[in-house]
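Next up, some structures in structure tokens.
Here come two complexes built around chain A, the first alongside chain B, the second alongside chain C.
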Partner chain A sequence: MVVDHETPRLENGQTDKEVEENANVLQFMDSMDAYLTLIHSLSSTLRRGWLELASARHSMGASRVNTVLLDHTSHPAATSLLVTQDEGKVDSGKPHFTLCKWASSSNENSLLGEKQSSQDKLHPQLRHRGSTELYEEKTSSENKASREVDDPVQKERSKSLSMFGTLVSPKLRAAQLSFEH
Partner chain B sequence: MDTVVGFLMAGVGNVDLRRKTNYLIVDSIKQIEDTFKEFTTREDIAVVLISQYVANMIRFLVDSYNKPVPAILEIPSKDHPYDPAHDSVLSRVKYLFSAESVASGRR
Partner chain C sequence: MYGFEAMTFNIHGGYLEAIVRGHRAGLLTAADYNNLCQCETLDDIKMHLSATEYGPYLQNEPSPLHTTTIVEKCTLKLVDEYKHMLCQATEPLSTFLEYITYGHMIDNVVLIVTGTLHERDVQELLEKCHPLGMFDSIATLAVAQNMRELYRLVLVDTPLAPYFSECITSEDLDDMNIEIMRNTLYKAYLEDFYKFCQKLGGATAEIMSDLLAFEADRRAVNITINSIGTELTRDDRRKLYSNFGLLYPYGHEELAVCEDIDQVRAVMEKYPPYQSIFSKLSYGESQMLDKAFYEEEVKRLCLAFEQQFHYGVFFAYMRLREQEIRNLMWISECVAQNQKSRVHDSVVFIF
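The block that comes next holds the complex of A and B.
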């Protein structure tokens, strides 16, 4: 007597494996869509940055906005990425990237403008298209804190531009913000 | 060059005590290859930004790279706009889907 064990099928005729595969494919397509959207946004922001840099070079002069002026003395990067792995999972293959903007050695405790972007987020849950955005109103204390945080950030930004001289064109500052974004 | 200057203004430039930098303004293809190999093996680099135009010069190296960290991101340059046909990530996706369609056609 032969006992035939059929793969259990769901009501719509799909097996669990097929459902999982379809979910993975959908998640993959969502990730690719997000990647293309981000690339498009990056291209647009870079174009703006190049235009502003060219404007700054035009107003300040080519000799003042030049690679010759780059700081070749030993200095750490003010903006860096922190890479961590999933806890408890060695070699999980899913690193987490945390952006630390303008975190110099003098203010290591204030990681300003952190943006967490992990590979998990490149493979997110299925995106719900048409979702609404929620805006939070800042309280007055939060506004004060953000102003206090902005001062060291501004100092770091000015320090980064100091290689081009003490007085720089507003276009150069705008270019800096574009490349920062 | 403008791309490097811009990102350095954003604060990502690092120069160590031996005056080794974490950026390169392209010179020769050999130098690009050597620098790509160096940057992808350094432990203090998490993401390598490379102009797509420069990546095309060492396409075989970029396409054969498959580690998650440091991640390679091809970006457009001022004189050469982004071309999705040459992006290594999209090329792999295209290859994946073309392989899938061939495999499904054979079933």
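The block that comes next holds the complex of A and C.
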């Protein structure tokens, strides 16, 4: 039996390399678990969305909810992915992903991106714990920012649904929300 | 004169009334629906339907079946029955039967115009049109740029021409204008159908007035709910309501200013026939409203068959078949999507 005297061993007999490998495996398993949970959540949300779409078709009629009404005119995507690097670190190797919803609207900045940055500025609750008054000010500012974001989002939602008509059933709107989630 | 139809109705309408009552006996029963709701696949549904009057229409369809195929073939059966009745009918029954299809004609016109706006192929659009609403020059709709052209090039020679007087503009056809056009046409059609039935008089006028009034009221509620949170103004919303029905005119004035479903409920609960419908719903909920309205409609349509010697039975039969097809569509979708627990959400039993 060959005993490797050069690599220092820990108290439980594992080397640094083995510890690192175990940590990587655990991280992989955690990521896989998170991935499977997300897949399951996506699958159930999509199932709900498809049933709500069928319900909307039942309510509005087959002539109003139809594949032939889908818009084939050229229009930008409703959702885009913004990939950025860490600021100040050119070769950080860790990109940041931000989903930009309704980025194709008249707003050049992504509305969800704005919402995220505004939330970060107004609600850094993990870093600074202020008084109740300060919290209420932040909450009202956050609500105002949310309302300002919600109206353009609502407009974009209505614009997407307009291919099925302007006066659509609440069931179709519910289906849209499910697919959006 | 009302009450004396028994003396003369059977001369021209007796055969067709017998035919339609025979067709009514072929509508699916609760036992049929229970069997269908237990199916695991669309092929099982096809197998159960093969024992019904839909059998000959589905037997040659290859597997795997699609829900749209089932709906198309069942609709084909309804179309065949309708065409047989139409070709046997004399005036004024033939005009009455044609009136029943004008709603589908309006839907087809809007489908073609909307699809063209979205740069879809005309042939593709024609395949999706309802067969009861087809007319000769329908494909020419694709060339129109605004409503004036729509009327001048195509619709002037169709039965929908009189309904266009209220919505002819030179504005381009966009989503909002198309929606307003759809609802304006349907409003004009319902009012015209109502006047025609009133002119016929007798039991036809009495029964059809009730059925069309219910249709007008239901449309008013749906327009109100669907327009909440949209750009449609109160005045525009008010203009889309029909000028008859139980809700006309005071209910319409109140519905026009409603901003949420609970306000709609508060308006409708003042009218006893609709109080029972809204009592089935919980506050803030509108998902089951369609089913509640369909159930009430089916009840009224079935009552039309309790009386003889009137044309309402033809209208009632067509609507009951359409409800049956909606039921089959919903059951097929639940089976195809493996959501059988939700199948009773929207099925309305007829018998």
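Details
Throughout what follows, the second predicted complex is superposed on the first by the 134 of 181 C-alpha atoms of A that agree within 3 Å, B and C clash if a C-alpha of one lies under 4 Å from a C-alpha of the other, contacts with A are read in each partner's own complex, and residues count from 1 in each chain.
We adopt the following convention: a contact is a pair of C-beta atoms (placed from the backbone, for glycine too) under 8 Å apart; a residue touches a chain by one contact, two chains touch by 3 or more.
As the structure is a computational prediction, the values presented were derived from the model and not from experiment.
In the three-chain model built by superposing on chain A, chain B fits alongside chain C with no clash. Chain A is touched at more residues by one of its partners, and among chain B and chain C that partner is B. In the superposed pair of complexes, A:Trp50 makes contact with chain B and with chain C alike.
Once the two complexes are laid over each other on the shared chain, residue contacts for A:Pro95 go to chain B alone; chain C is not touched. By the touch criterion defined above, A:Gly61 reaches chain C but does not reach chain B. With both structures placed on the common chain, the touch criterion links A:Ser178 to chain B but leaves chain C unconnected. Contacts of A:Leu81 after superposition: chain B is touched, whereas chain C is not reached. Contact with chain C, but none with chain B, is seen for A:Ser169 once the two complexes are overlaid on the shared chain. Here's the short version: in the overlay, chain B gets within 5 Å of chain C at its closest Cα pair.
Judged by the document's definition of touching, chain A residues 50, 54, 70-73 lie at the interface with chain B and also at the interface with chain C.
Residues of chain C touching chain A in their complex: 68, 71, 104, 107-108, 110-111, 114-115, 118-120, 124-125, 127-130, 175-176, 178-179, 182-183, 222-223, 225-227, 229-232, 286-287, 290, 326, 329-330, 333-334, 337, 339, 342, 345-346.
Contact residues of chain B toward chain A in the complex are 1-17, 19, 21-22, 25, 46-47, 68-69, 71, 75-76, 78, 81-82, 84, 87, 89-90, 93. Across the complex, chain A meets chain C through its residues 47, 50-51, 54-55, 57-59, 61-64, 66, 68-73, 154, 158, 162-163, 165-171, 174. Touching chain B in their complex are the following residues of chain A: 32, 35-36, 39, 42-43, 46, 49-50, 53-54, 65, 67, 70-83, 93-95, 97, 101-102, 119, 156-157, 160-161, 172, 175-176, 178-180.
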